[in-house]
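Chain lettering (A, B, C, D, E and F) follows the sequence in which the chains are written, and residue indices restart at 1 in each chain.
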Amino acid sequence: MDLSQVKQETLAIASSYKPERRFILAILQDVQRKYNYLPKESLVIVAEYVGVELTKVYSVATFYKALSLKPKGENIIKVCDGTACHVKGSMNLIQEVKDILGIEPGETSEDGKFSLETVGCVGACGLAPVVVINDEYHGNLTPASLREIINRYRGGENHGK
Amino acid sequence: MEIIIDGKKAAVQEGETILQAARRNGIDIPTLCYSDALPGITSCRICMVEVKENGVTKRVASCAYPVHEGMEVTTDNETIRRTRNVLLNLYSARVPHNKDIKALKEKYDVPEIKRLQVNKGETHLAENCVLCGLCVKACEEMGTNAISTVFRGAEKKVGTPFDEPSDSCIGCGACASVCPTEAIQMTQENGVRTIWDKTFELIQCKECGKYFATAQEIAYVKQKIGNDMDMALCEKCKQKGNAAKFKEALKAELDI
Amino acid sequence: MESKKTILVCCGTGCLANGSQKIYDAFKEQLKALELDVELIPDVKGTGCHGLCQKGPLVHILPQQITYVHVKDSDVPEIIAKSITNNEVIDRLLYFDAQQKAKVQSKEDWTFDKKQMRLALRNVGHIDNESIDDYIERDGYKAIAKVLKNMKPQEVIDEMKHSKLRGRGGGGFLTGLKWSFAAKAEGSPKYVICNADEGDPGAFMDRSVLEGDPHTVLEGMAICAYAIGANRGFLYVRDEYGLAVKNMKKAIEAAKKRGFLGENILGTEFSFDAEIVRGGGAFVCGEETALIASIEGKTGEPVQKPPFPADKGLWGKPTIINNVETWSNVPLIINKGADWFRSIGTENSPGTKVFALVGKIANTGLVEVPMGITLRELIFDIGGGIPGGRKFKAVQTGGPSGGCIPESKLDLPVDFDSLTAEGSMMGSGGLVVMDDRTCMVEVARFYMQFLYGESCGKCAPCREGIKRMLEILGDICEGRGQEGDIDLLLEMGEAIQESSLCALGKTAANPVISNIENFREEFEEHIKNKRCPAGVCKDLTEFYVDAEACKGCTLCAKRCPVGAISGEKKQLHVIDSEKCTKCGICIDSCKFNAIKVK
Amino acid sequence: MAKILMIHPDKCASCRNCELACSFAHEGVFNPNKSRVHALVWERLGLGVPLMCMHCDDAPCAGVCPTGALHRDEEANGVLWDKNKCIGCKLCVSACPFGNASYDNETKQVIKCDLCGGDPQCVRICPNQAIEYKEANEGVMAKKAMYAEKFKKVFEEVE
Amino acid sequence: MNIKYFAYIRDFTREKETTWNDPADDLQALLQQLSQHYGKKFREAVFNETEDDLNNLIIVLVNGRHVAHLDGIHTKLQASDQVSIFPVVAGG
Amino acid sequence: MANSFQNKVLRINLTTGKVSTEPLNESYAKDYIGGRGLGTKMYYEEVGTNVDPLSPDNNMYLVTGPLTGTMAPSAGRYMVITRGPLTGTIACSNSGGYFGSEMKYAGYDVVVIEGKAEKPVYIWINNDKVEIHPADHIWGKEVPDTTDLLKEETDEMAKVACIGPAGENLSKIACIMNEMNRAAGRTGVGAVMGSKNLKGIVVRGTNPVHVPDGERFMAAIEEARKVLAEHPVTGTGLPTYGTQILINILNQSGGLPVHNFRDSGTVEWADKTSGEFMIEHKNLVRNKGCFSCVMRCGRVTKTYKPYAGFGEGPEYEAGWGFGADCDVDDIDAICQANFRCNELGLDAISMPCTIACAMELYENGYLPKEDAGCDLSFGNASILADLVTKTAYREGIGDMLAEGSYRLAEKYGHPELSMSVKKQELPAYEPRTLQGMGLNYATNNRGGCHVRGYMTSPEILGLPVKLDPAVTEGKAGVCKTFQDLTGAVDASGFCLFTTFAIGADIIANVVSAATGIEYSPDELLKAGERIWNLERLFNMACGFTGKDDTLPQRLLQEPQKFGPYKGSVNRLHEMLPEYYELRGWTEAGVPTKDKMVELGLEDAFAQMLGAVEAAAAQNN
């Protein structure tokens, strides 16, 4: 990635907020949305922009789950492991993804296509167990139906992006 | 103002915490994360005491709970001890070889919970950090902000951004100094100080050759007090230099 | 002339996940196309959650009061043709009410709805969440007008105090009392905050309000701001709640335009502005001091109380934080009066509570009931009981901070104090129903796992204690449990409760402790006999096919994801325990209960 | 009236009793290395110069201290150190232009004169009155001015 | 009579020695004469409080002999005597 | 229990280069207090009585007292214990300054030097770190340069004890100098160090010295301090005039030895060399104290042309030695000669006394002019400094002067002109005036020595009692008590001068408070007596007998020429029997078994007898 471009883009994102510490999280969220992760240079720019030491920004960037310092896959598979989904077998779904992609929660597949995350409740308990792929909800899943869905994404059909 | 600590009346001052009041009255309460310089961290939780006020009994962190007229404080009872025992066992599960935690366990006669002391391989043997947060607060207080806590929960640790040598670290070692478990290593050898993976070429006293400070420390001092004095001397040589001036004056006066 | 028809398509997240957007779009398109031919103009409103998410997408047609469930976009032409143009009811799309054992035309008549009382959710599903006019039509911004014109701040506080409204976020602290602290507190400016960082795994009450009735939250906050002397408010909303953020943003803009927010509200001296802060995905930020830290741009780590936020909150200034549901109650209380409010619910817990009814229950969804209703009513009458003919085992309330309540205590009235007395808590309102296929040890481990990931790590008991408890629970679930583990868990649990810094830690051990207290034998079975009676803990489970019960229907063999079950049609099936991953899908799929746990 | 500390290098007998008194008062042991006052001795000249914190009005050590552990105390008319507030950054050591503060890594203490709570032990012990702690009345101030004149060069360079 | 003063007694007498004309005939009387002449500090140095004996911290030699081994304060004096007055001193 | 000992002995073998430490023998510490007593005991146990003082087999013990390094007033002393080359007796040479306390802070009560280095070396003791470094580049340098160079090479804050050229050249009157101007001066210990090729010992210590009960200790020393401050001698006299104050009183009292004791009694011009005069003449720059001293008797002095110089001193004995004893009335010349002694590392008592002896030999024509190389007449001020230098470098007559007066006088055939006891030169008190001092000289364990039984104090100064100097009666008892007390005082680390003001009760209290070992005043004296007797046993085992307890014949036979005691001689015979009796010795001055058992010295006694018998057998 072109570093100066990242810097410029980050600054552009940051500039939509006042240069105040309280906007660190918001800016980072926007950066995350843009790049699917937080490039190191962005953190430096954000720190400079809001006028705090890099540590403060880094600390925030590593604290919140919505933020990631590692590049994420093209498709983000969020398996809901809220209580409702859990009691309805979400661990079977997690196991299924692990088996299919060979990655653990929090990891990204080697081809960069998928990231696996487990999330708390996505608020769709009625459909438990639920998997959200790139903001698209898939409810009442079984391992078999999940495999089918993932295969669809694997086949190049890239929803949401 | 008066409160009762462990059944005894104790004179306390408005605005101080139970811990401060107790310690001033010679009552011992253990702490790891507390420092008068950096109060209010409240992370170590081994200073829990029982407080009775307005008919309510509760357990509070004595290091942050302000005294109120007439409150009754118990610093040692069954519950407090049980809690402390578990806590100290949790600490030693985290840092099994740390001598300061061992000493605390010994001091408070804490029975070993063996089940927790099994090293499951995840505990690095050299781990000494109990994440009390004093170092981070100290660095913050310095205004250098070279370190912070990173990640959260069980993965939480203290570090510099990206685990790289921090630009803002001045190598003062306040973090190491306030650490209650000697978890932060600051080494100094052959004129090089190393801390948080950052190495500092120390300034050598131009008189005695002693390595005495980092350039960043000196810059910090100059910036903070706006002083432009000669910073190339260690304190001993500064003092000696000062004394030498007196000496020269005396020598001249005595014509010797 | 026939009154104008209204089609309400549920566009809550649950329904959206089931494809309601497609349905909405289909209606929109097809109605538009038909407009040219037909005179009547059906009005489609995107609504908030109806509640019964499991049956979604739901479509409700007014004024006939027809509710369709499980609607597909392919059903849209038929609905337009039959129900809109001909007032005809399509039977196959109606809801089958298990209690009434009949199809019911309108959701108003569902047993699910009948026992409910919708105060907080009063507008949800009834208004277009993007229309301020809809809100105003239903008494919206009447309360703020009332307080600004007729009430002094102290009177507002008195009224709130008198209403005995308790914080719906879980703590149950008296809202009016809290406000009075902030009103008295020295320091300026003061702030109000809406805690919309709903993070309980298994709860989505706040989300539906934010999505479906954003203005009521803003109005509640404005009333509080007036009462305590604040001019600025923040809504801390989970970033994952994209729709909620979007709707709320629009609502703020609309309210500002109409003079309900901003400078000199309704021409008075009072000014109040609100802005949204998107949360970063940290359960702990539901804790008020952590939430404040997060708004300030710091990591969401709690700080020791006292001082309480009402004294020293955001940027050290007096701050009131209330939860979404609490805010939504406020305008209602002002409009209808504290006495009216107290006539609902119980003496010490007046009003209603919204619950997310989930888990092994027939009617999954959001419900709002008066306080004091029994758990049994909630689960069996409203929730429709346990599906699949299985046995009720426990209901978990309060999420990761709460506990499990066994069958013997199902007649417990639901209110703050009763639940707390049972070692659980109201929490924000998650109700997770568990059946005999739920392992209580594993549930305890699950909560610990959740909290392990969510503990901020600041204080030692929470960070280290949860980690070690999780280890031990993991050991038990995986057959490495040791004698004494149960007592050790209790001992550690108590220590964590006693010494943790914030509510997350203080309550973290609740699920474990309450599960042990109510289901100790199940723990012992795991430890002593290395057996998981519910058949959940894979290392302690072996499935077999009951030869007498198996009819040889082959369903289990078909569903088994690993091909571990073999058998010919109408022949006894066999499970290859080598291959079996103990996922339990066979059990859930067998209609004859032929698959058993050894 | 506030008291002031004065050193008279021309009176020092190099006996270093001040160092002993100081280390005992502060450490409970005898250890000149940990004394807050040092009598620096030029053996060849038979001269000793007692040096210690002079409690500057605008003390750089206090100025640089991040926690206020080192602070000017008006009541004591001195620069005092609060052990409990010290975080061991040691920058006061660098800040003092006279080298009159040092840091003990073992005990984590700043070693600097604290006036012994108003009764400086070095003053009490000095047999030659080379260190004095007196009320800043006219006579004393005049004496101080005299000394200042006498050691003009010294003060000129350090101030 | 020749009288010599030593050490800080000289501070009181402001002279090292003196020839005392018309001296008294015993030591006590002489010292009183001298006290008269030199003043209070000298008096305090040589006498005890009641002036009936020598200060314990004074050494008076008459012709090189310590008066303690003569007649003490009552040692008789002659005009030719050599009197030496020292404070207690020591060294080695 | 933490006490004021460091409980550690450092042992350095220069032959092997081996450095080791060992714990202090607690029972030695208890019985012998420390310092002189402890060192003598260790020497006795480890080395025995049969070594040549200048051989590698002779050990040197640098020993501090339990009070060294504490705040006990004027108690910063250390002692060098070895066998003295000048006397052949046990040697204990005691010095103040900072070296002793620094050694204590480095963590050691005792530093033992064994063997002999192949080439010149110095020892660098930096707390736990002990190193032996080559010293070729420093060898030959005078004391001030040596001190500065060694500090430069090690640590500016370090303290240096070293020898000058005199010690290197094995002068039997060489000292070990510390902080340039303090000396472990007598009995030739500097030569022992030189014989080991050891140029110096550098020490730096940053450890604490503890006391068991701070409050008690501070109370004890507060009492001592108060007495010392208020006493006219220790509080006023010594700080103001130093020890040179004694010139006038000794002169007025007729106790001043003159012209190598030939024309003793009194001299007209004495005041010109007095402490009072040094102030008047502006020799005195300021006073100076050793570590922890409250008396500050040290003099920082400067001198004027033609003897211009700068340095410290002189002490009374040196002032008298270069003054009255050599008939020199020029204080500048006296001071300058004294400066040279310090710079070259020579004993400023034995040195002038040896010169005085040479002058008498010269005047009597026994010492030929060609040997003298200059005009050695009494009163020749101009040669003093030069003679000191020659002695240190053993140039010309210096080569003989370096051997001390006895060997010098013996060489020129008139040993009776050496005013010495056991070959060590007598200090500045005329025994024909001070009868008791004569007894002390005669019986002293290290020969001609005034500080081990300072009879001047009662006989001239009237402290603590006034004894008529001319009388012999009762002197034996006082002398013994003084000798015993001095043994204990030296062992403790206290400066002997404190005893002008404080007595055994206060000393015992302070020592008890520091060590945690309770000593009553009697027990303290008993420990001193034990030390004295152990030294005596050692000497006897080395061949000394009661016959050596004597004075130069001149003092016993030649009537004194001047002063109030004109015509008197020392009547040693009147005092010695009583002295032996009081000591519990035989009439021949041999310690008895009973007494030795009483003192717990039966083992040493048996060894002594063995050695005496062996010597006798050899003679037969």
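Criterion: contacts are C-beta pairs under 8 Å (C-beta built on N, C-alpha and C of every residue); 3 or more make two chains touch, one makes a residue touch a chain.
Predicted, not measured: the structure shown is a model, and the values here were computed from it.
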Shared chain contacts [subunit D and subunit F, defined touch]: B
Interface ranked first by C-beta contact pairs: A-C
Chain whose averaged C-alpha position falls nearest the assembly-wide average: B
Distance-maximising chain from subunit A - centres being C-alpha averages: E
Subunit A and subunit B: spacing of chain centres that average the CA atoms, whole Å: 37
Whole-Å gap separating subunit B and subunit C, where each centre is the average of the chain's CA atoms: 43
Distance between the centres, which are taken as Cα means, of subunit E and subunit A, whole angstrom: 106
Centre distance in Å when subunit C and subunit F are each reduced to the mean of their C-alpha atoms: 96
Contacts with two or more other chains, residues of subunit D listed in rising order: 10, 45, 47
Set of subunit F residues in contact with two or more other chains: 285, 310
Shared-contact residues (touching 2 or more other chains) in subunit E: none
Contacting chain pairs - touch in the sense defined above: A-B, A-C, B-C, B-D, B-F, D-F, E-F
Residues of subunit C defined as touching subunit B within the complex: 282, 299, 303-304, 306, 452-461, 463-468, 471-472, 482, 484-485, 488, 491-492, 494-496, 498-501
Touching residues on subunit E, where the partner in the complex is subunit F: 4, 6-8, 10, 16, 57, 59, 61, 63-66, 68-69, 84, 86-92
Residue numbers on subunit B that touch subunit D, as the complex places them: 35-38, 138, 141-143, 172-174, 176-178, 212-213, 217-218, 220-221, 224-225, 227, 229, 231, 233-243, 245-251, 253, 256
Touch list for subunit B against partner subunit A, complex: 144-152, 160-162, 166-168
Partner subunit B, residues of subunit A touching it in the complex: 40, 43, 52-59, 62-63
